[in-house]
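Across the two complexes that follow, chain A remains constant while its partner is chain B and subsequently chain C.
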Partner chain A sequence: MSAYTVHQGQLPGLFRLWAKLYKVHVPVQTAPGFYDFAPWEPDTEIAWDYDLTVNPLKRHLLPPREDLVVFDTRTYEARGVFQAPQQLLFGVHPYDLRAIAQLDQLMELGSPDRNYRRRRENTVIFALDPLRVAPDAFWSTLGAGRADIGFDLYWTKIGPAMFFVEVGTARGEELLLAAGEVERAGAAQHEAARRTREDTRRRADGHGLKFPWQELPRVMAKAWDAGIWREKSSMCLACGSCNLVCPTCYCFDMREELDESLGKGRRWRQWDACMLPAFAQVAGGHNFRGKHLDRYRHRYFRKGKYIFDLIGEPGCVGCGRCIKACTARIANPLAVFNRLWEEYA
Partner chain B sequence: MTDKPKIAFFDFAGCEGDQLQVANLEEKLLDLLEHVELVSFREVMTGHADDYDIAFVEGSITRPEDEERVRGIRARAKILVALGACAHIGGVNCMKNFMDEAVYREHVYGHKARSYPTGPARPVSAVVPVDAAVPGCPIDANEFLRVTKQLLLGMRPTLPEYPVCVECKMAGNVCRYERGGLCLGIITRGGCGACCVTEGAQCWGCRGLAPGANLDAARYVMQDRAGFSRTQVQDLMRMYLGHTTAPL
Partner chain C sequence: MTPGKEFTPYAPRPATLVRKVRLSDFVTLFEFEQDDGRPLAHKPGQFIQVSVYGVGEAPFSISSRPKAGTNSFEIAVRNIGTVTNALHDLAVGAKVGIRGPFGSCFPVQEFVGKDTLFVAGGLGYIPLRSLLRYQLRHREEFGRILLLIGTRSPSERIFVDEIEALSRRSDVEVMETVDCVGDACWEGNVGVITTLLPKVRLDVENTYVAMVGPPVMYRFVIGACVGDQCIPPDRIYVSLERKMKCGIGKCGHCQINGISACVSGPVFRYTDIEPLKEAL
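Entry: the complex of A and B
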């Protein structure tokens, strides 16, 4: 696989060029200790050493609210709505890359999600190796510290002003070379990148699953009646925060509304969450997950077993966002999985 | 063509800010008026008729004559909609319910206090059955439109049942608790787009408790985890939620 060495000085020219073709999103510091992706502007300071962004990247592929159909109740006409801006996500950490790769697979299962697919096709992804590890992160022990697919370019910062850039796709390489010659990476740069990754991995490995992630579905299969479900869920606020900040949670609800003419309307989808009581409510007011316990357990079974059964890897990438977002401090896949391992392995 | 449904607006103890939100809809309101006949709305028109199908009632019920008047409205209206926090959950007026009656009467009416009977502030639903509500202080104009359209189409009006956190996360905000603040978004009914937190403030609970709100967990979060005192939490919860059965 070809790789290049890029110097900091080349970046402004490249970004200016990319910004003409794409809406470019980069990691920035939004407040001391808080990072998020924001649209790139010429004076944007990229947070090269961010540990975790508050929000995952799914909103760029599956927006919180997205129109799907517009219709006319008088003529009975309906038309699909597709919005898919050309966008470039720069600086995506491998665990988030893994999450997007999961969404790619899950949105293709059954009836392919055409709105998602169009957005995804128009999205360029430049990955970035993390230099710091967030306190709640455990991606390393879930095998999400490194990704081999799902990126157009993969950036590793190997010096104060130098990057090792691995090519993932022809589109990525073209964009890298669009502003002129770029130096090919030599053995020294390959080695520097490897060392950088090793450094990060060493720090990340210290905190995580106490068992191989491949064992998760086997452990979960025995844990339906575990005490932890009641213990943790009694403090659940049913606010859905854990779902909504999760990079792999993708459930949505469908709504319709007419405009003020009462003749034209639209159907849209908006993020939903399995921790919300109304999520599993059906006609007649019946609810097949009416209790906190049912919903809490369901989320961990989704992450540890159901998704695994579909695609062969856990539906959790270990980013730690839900741990941070849960005000009641009950959302914690790492603590739950480790405890179930101790009790049921 | 059948007759258009007749709608009327009424106000009790409140600031009429919710009706102002409706008036501010301007062109959208005019579009809506193609489908209804407005018979009473003192913020935008003169005249009044006692023949109406849908009554929007703003404000809380606090005086003996209020009770009588709202019963009359209920008797005449086919559908009664509580408009805004004061009508829906009692709202800020209920703060007085935690004071001595003589104190607040004296404060408001001075030496004439004896001539003005007034009691605890209550939501409209505490006096007469309410068919639907548009929550908030003030109401969200688009939610008013949605509820009204649903009523006109013969549908049962829907309100989000999830807490404010859902829309706060959709907006991409950093959690108020992560910034060391206090926030009632964890137990308050969503539908506002988490506008207050998005603008850098906190949630005060104006849309009322979300159905099934876990108050034990909320108290744990606010007091044990975030470290706010019982008084701080109580003050915040009494601001809008004074009439709820939440243990305050």
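Entry: the complex of A and C
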């Protein structure tokens, strides 16, 4: 894999160039201690050392609301709508890369989701190694501290004004070299990048699962009747915040509306949440997951077992966003998984 | 045929309502024809998504048998939600949008040469009707056909004429019961559908069960089936209702534990869902 060394001074030129081709999104600080991805502007200050963004990146690949179909109410002709802007996501941490790689697989599984696929094809991803670890994060022990696929370039900050940039795709390399020559990385920079990653990993490893993540589905399989489901869900407000901030939650609802002439209309999908009470309710009122407990348990089984059974890794990447977002302080995959391990291993 | 670049599984195709038959106070049979002239090409047990634009889309089991050379098909619908009410308001000649057929089907070939016990609770006759009519069309390929129907009350019975015609046939055995009579005129069996089971004698080694009903029915009938008459559970097929939305296993609404009912179902072999805690 080829690698380059990029100096801080080269960045403004590169970003200006990329912004001509793509809508570029970068991590920024929105309030002290809070970060999010925002569109890049020439005066944007990139939060190189962000620990975690409030929102995951799924909104750029599976938007909160996305038109799927436009239709005519007289002829009943309908056709698909595809919105797939050229976009570049800069500064994606490996656990979020892992989440995107999961979405890629799940959206392709069986009948492919063409809206997702087109959006994904037009998305360039530049990964960035984390320098700080969020207090609730446990991605390292879930094997999501490093991603080997799913990026066009992988950036590691190896000095106050220097980056080690590993090439993932030809498209990424072209974009890196688009503004002129870039220095090839030497052994020293390779070593510096390795040390930076090692340092982050050491800190990240201190907090996390008490068992190998590969054991998760085996433990979950025994835990259907675990007491923790009742214990935690009895305080659940069914607000869906955990679903909202989860980088791997992708359930959606289908809605539609007519225009003012009532002759044409559009159908879209919008994020839905399995923690909301009516998620599995059918016409007539029967609810297949009517209790808080049913819904709370379902979410953890999806993360710990169902997704695992489909793609071979947990549907949780350990970002810790749901832990931070939960107003009732019950969403906590780390606490749940560790407790189940103690009880059922 | 490889789908074109603009293909999307989310875009419905137009179909036209050609016939409406009132089956009860709440249930109506709808016959549609696909505007493109093509057959729906479904298999017994599969479902479609039907759209009334401006209101929404809802899943329905196909009630007619697969028919080559025709673009028509039937569903039967209870008016209980927004889409179903809008369907009931449609006049013949109105259009709807169709997606599908989706999902699994009854394994018709497996049933060949065997007896079939149909167990229809409530509106369960509607999805079973596709398989039943297929078997009647190819009557000589199948063994005994037994049909057990359980309805809440006499006024809620559906396909009354059709079922009476079936019960007059010598090659179909029909038994019906209602949970409670109320003030209707009813001289048939009274009691839940499980009370019919002791009255049928089955060749258990040679019988398949196709069963559709409300969630509560499955547990009792399967208990009785397995217990007294001992039909091997791998020969029991059920169709499960869930809130299918996308139809292609993405949206998450119809999940039963780790599987999507819209892709792995709605028709399941009982032994395949027995380990799933959320199935029955």
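Rule of thumb we're sticking to: the second predicted complex is superposed on the first by the 345 of 345 C-alpha atoms of A that agree within 3 Å, B and C clash if a C-alpha of one lies under 4 Å from a C-alpha of the other, contacts with A are read in each partner's own complex, and residues count from 1 in each chain.
Just so it is clear, a residue touches a chain if its C-beta (ideal position, glycine included) is under 8 Å from a C-beta of that chain, and two chains touch if they have at least 3 such contacts.
These numbers were taken from a predicted model, which means no experiment stands behind them.
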item: Superposed partners chain B and chain C on chain A - clash or fit; value: fit
item: Chain B versus chain C as contact partner of A:71, first or second or both or neither; value: second
item: Partner chain(s) touched by A:59 [first = chain B, second = chain C, both, neither]; value: first
item: Which superposed partner A:224 touches (first chain B, second chain C, both, neither); value: second
item: Chain B versus chain C as contact partner of A:79, first or second or both or neither; value: second
item: Contacts of A:115 with chain B and chain C, given as first, second, both or neither; value: second
item: First, second, both or neither for A:17, with chain B first and chain C second; value: neither
item: First (chain B), second (chain C), both or neither touched by A:276; value: first
item: Superposed model, chain A: greater residue contact from chain B or chain C; value: C
item: Touched partner set for A:236, first chain B, second chain C, both or neither; value: first
item: Angular separation of chain B and chain C about chain A, which is computed from CA centres of the superposed model and rounded to the nearest 10 °; value: 70
item: Contacts of A:36 with chain B and chain C, given as first, second, both or neither; value: first
item: Overlay on chain A, chain C to chain B nearest C-alpha distance, Å; value: 5
item: Set of chain A residues, in rising order, touched by both chain B and chain C; value: 257-258, 262
item: Residues of chain C that touch chain A when the two form their complex; value: 6-15, 35, 51, 53-54, 56-58, 78, 80-81, 83-84, 95-97, 214-215, 241-243, 245-246, 248-253, 255-258, 263, 277-278
item: Residue ranges of chain A in contact with chain B within the complex; value: 30-31, 34, 36, 54-55, 59, 64-65, 234-241, 244-245, 257-262, 270-271, 273, 276-278, 292, 324-325, 327-329
item: Chain A contact footprint on chain B (complex, rising order); value: 28, 31-32, 34-35, 145-146, 149, 152-153, 161-163, 165-166, 169-172, 174-175, 177-179, 185-187, 210-214, 216-218, 220-221, 225-226
item: Chain C-touching residues of chain A, taken from the complex the two chains share; value: 68-69, 71, 73, 75-80, 82, 106-107, 109-111, 113-115, 224, 250-258, 262, 265, 267, 269, 272, 274, 279-284, 286, 288-289, 294, 298, 301-302, 305-306, 309-310
